[in-house]
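Please find the structures below.
The following pair of complexes shares a single chain, chain A, combined with chain B in the former and chain C in the latter.
Take a look at the complex of A and B:
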């Protein structure tokens, strides 16, 4: 399966989903005018990935700001990835990074942690 | 369009339940299964709404704080620019007044003083020189004030356009 790489813009985050290593990274800010248009290929890639996931999947999120519709899609990504947990010998971990001065983003990570049933780590981005 | 699409999965679930309701001759266990599915979807929507509302409020707060910081920085920046303009104008006024004073002194010394000394005496010339020296500071302040007024007026015109 091919990796999904989307370059970062002023309004959209960098997406670097590597199927071989199982490391899926989202970096930057997510305030697209049309979130559906931006996240549809991302969700489609995840649909394909969960059919044959890597032994260990780590999703690393380094978001500095995102709008409400993006928050829905981020939740959607986590929910889709939950399916990996039900597959034997497959592990998944979410690493939620936040700047040490960004308390809001840390709290947001906690909210996602509470609502998803995935192993979730909230990490300070030094 | 985007708002509809982001809830596509939920809308599909709703449509399925509506279609189910239109069916006839269903058993109670089939109704139960459908109801369970509907409850499950509803629970999912409630939990999503809770988290999205919470996150949205927090992000709004973050945005407000950033705006406030930006506003304060703008004020600081404006103060610094004003201070710089004032210093620049003050230096300009000092230079102008100093040059004018030197010119006046030279004129007085070389052209006017011999006549004054001839007709009125040494002390009158000295008092005139003293007068020029004492007028330097008020003249500088007056010029500075006038130049500042002009600069503010120009800035106002630039801002308006």
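Take a look at the complex of A and C:
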């Protein structure tokens, strides 16, 4: 399966989803007016990936800012990945990174940790 | 009509960081965010305060972008809105104004009243509940914007609906961030 690579813009994050390694990274800002447009291909890729996931999948989220319109889509990514947990011998982990001093992003990580049923680590990005 | 200095002093004395009236387009949003970011950088504002203001601005601007309507008042571009940011008594203030149909006021007013009545923890729980349960709309909005603004600010929202005529009002919305 092809990896999904999308370059960052001023309004949308960098996406680096590597199907071979199982490492899925989201980095930067996600503040588009139209989140639907940006996240639709991202969610489609996830739909394909979960059919034949890597043994270990890690999704690494390094978000600086995101708007509430993106927040639902970020959760949707996690929810789709949840299906991996039900497959034998397949593991999934979410790593939520926040900059030191950015308590808000840590709190937001807690919001997501609370509403997803996946192993979820909140990590300081030193 | 050369009142540049008067106008300059007025803005300086009122600590106006940014003032814009017009239609909020995607380009304008980027521009306003850039200007706000640059000015807060230039003022050496703390990262966490900058982030709060930036986040709140994004939500406010995108609300205006998605919800202002044209044709509400004859011969006037009712998509035109106001955004004003200024600093006063240890607080950054963000004020927005836009036309709204009177019939659309009650649900907004109810939501704002509820937000203002909730504690920090209650707002967090409500946010999580909506995040987890609501459907994604084509606009992407999940009714989370105002709750998020209130959570980030930590202050009560001030608002008013100024009646223009029997079908239209001007919706005034103000949120503060403590320095």
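As a working rule, the second predicted complex is superposed on the first by the 126 of 126 C-alpha atoms of A that agree within 3 Å, B and C clash if a C-alpha of one lies under 4 Å from a C-alpha of the other, contacts with A are read in each partner's own complex, and residues count from 1 in each chain.
Basically, contacts are C-beta pairs under 8 Å (C-beta built on N, C-alpha and C of every residue); 3 or more make two chains touch, one makes a residue touch a chain.
Note that the structure is predicted; figures quoted are calculated from it, not measured.
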Fit-or-clash call for chain B and chain C when the two complexes are aligned on chain A: clash
First (chain B), second (chain C), both or neither touched by A:65: both
Which of chain B and chain C A:36 touches, first, second, both or neither: both
Touching partner for A:111 - first (chain B), second (chain C), both, neither: both
First (chain B), second (chain C), both or neither touched by A:75: both
Which superposed partner A:97 touches (first chain B, second chain C, both, neither): neither
Chain B versus chain C as contact partner of A:11, first or second or both or neither: second
Clashing chain C stretch [against chain B; choices 45-53, 63-71 or 99-107]: 45-53
Common interface residues of chain A - those touching chain B in one complex and chain C in the other: 33-36, 65, 67-69, 71-73, 75-76, 102, 104, 107, 111, 114-115
Chain C to chain A touching residues, read off their complex: 26, 29-30, 33, 47-48, 51-52, 54-55, 58-59, 62, 65-66, 124, 127-128, 131-132, 134, 136, 138-142, 144-145, 148, 152
Touching residues (chain side chain A, partner chain B) in the complex: 33-37, 65-69, 71-73, 75-76, 102, 104-105, 107-108, 111-112, 114-115
Residue ranges of chain A in contact with chain C within the complex: 10-11, 31, 33-36, 65, 67-73, 75-76, 99, 101-104, 107, 111, 114-115
Partner chain A, residues of chain B touching it in the complex: 1-3, 5-7, 9, 47-48, 50-52, 54-56, 58-59, 61-63
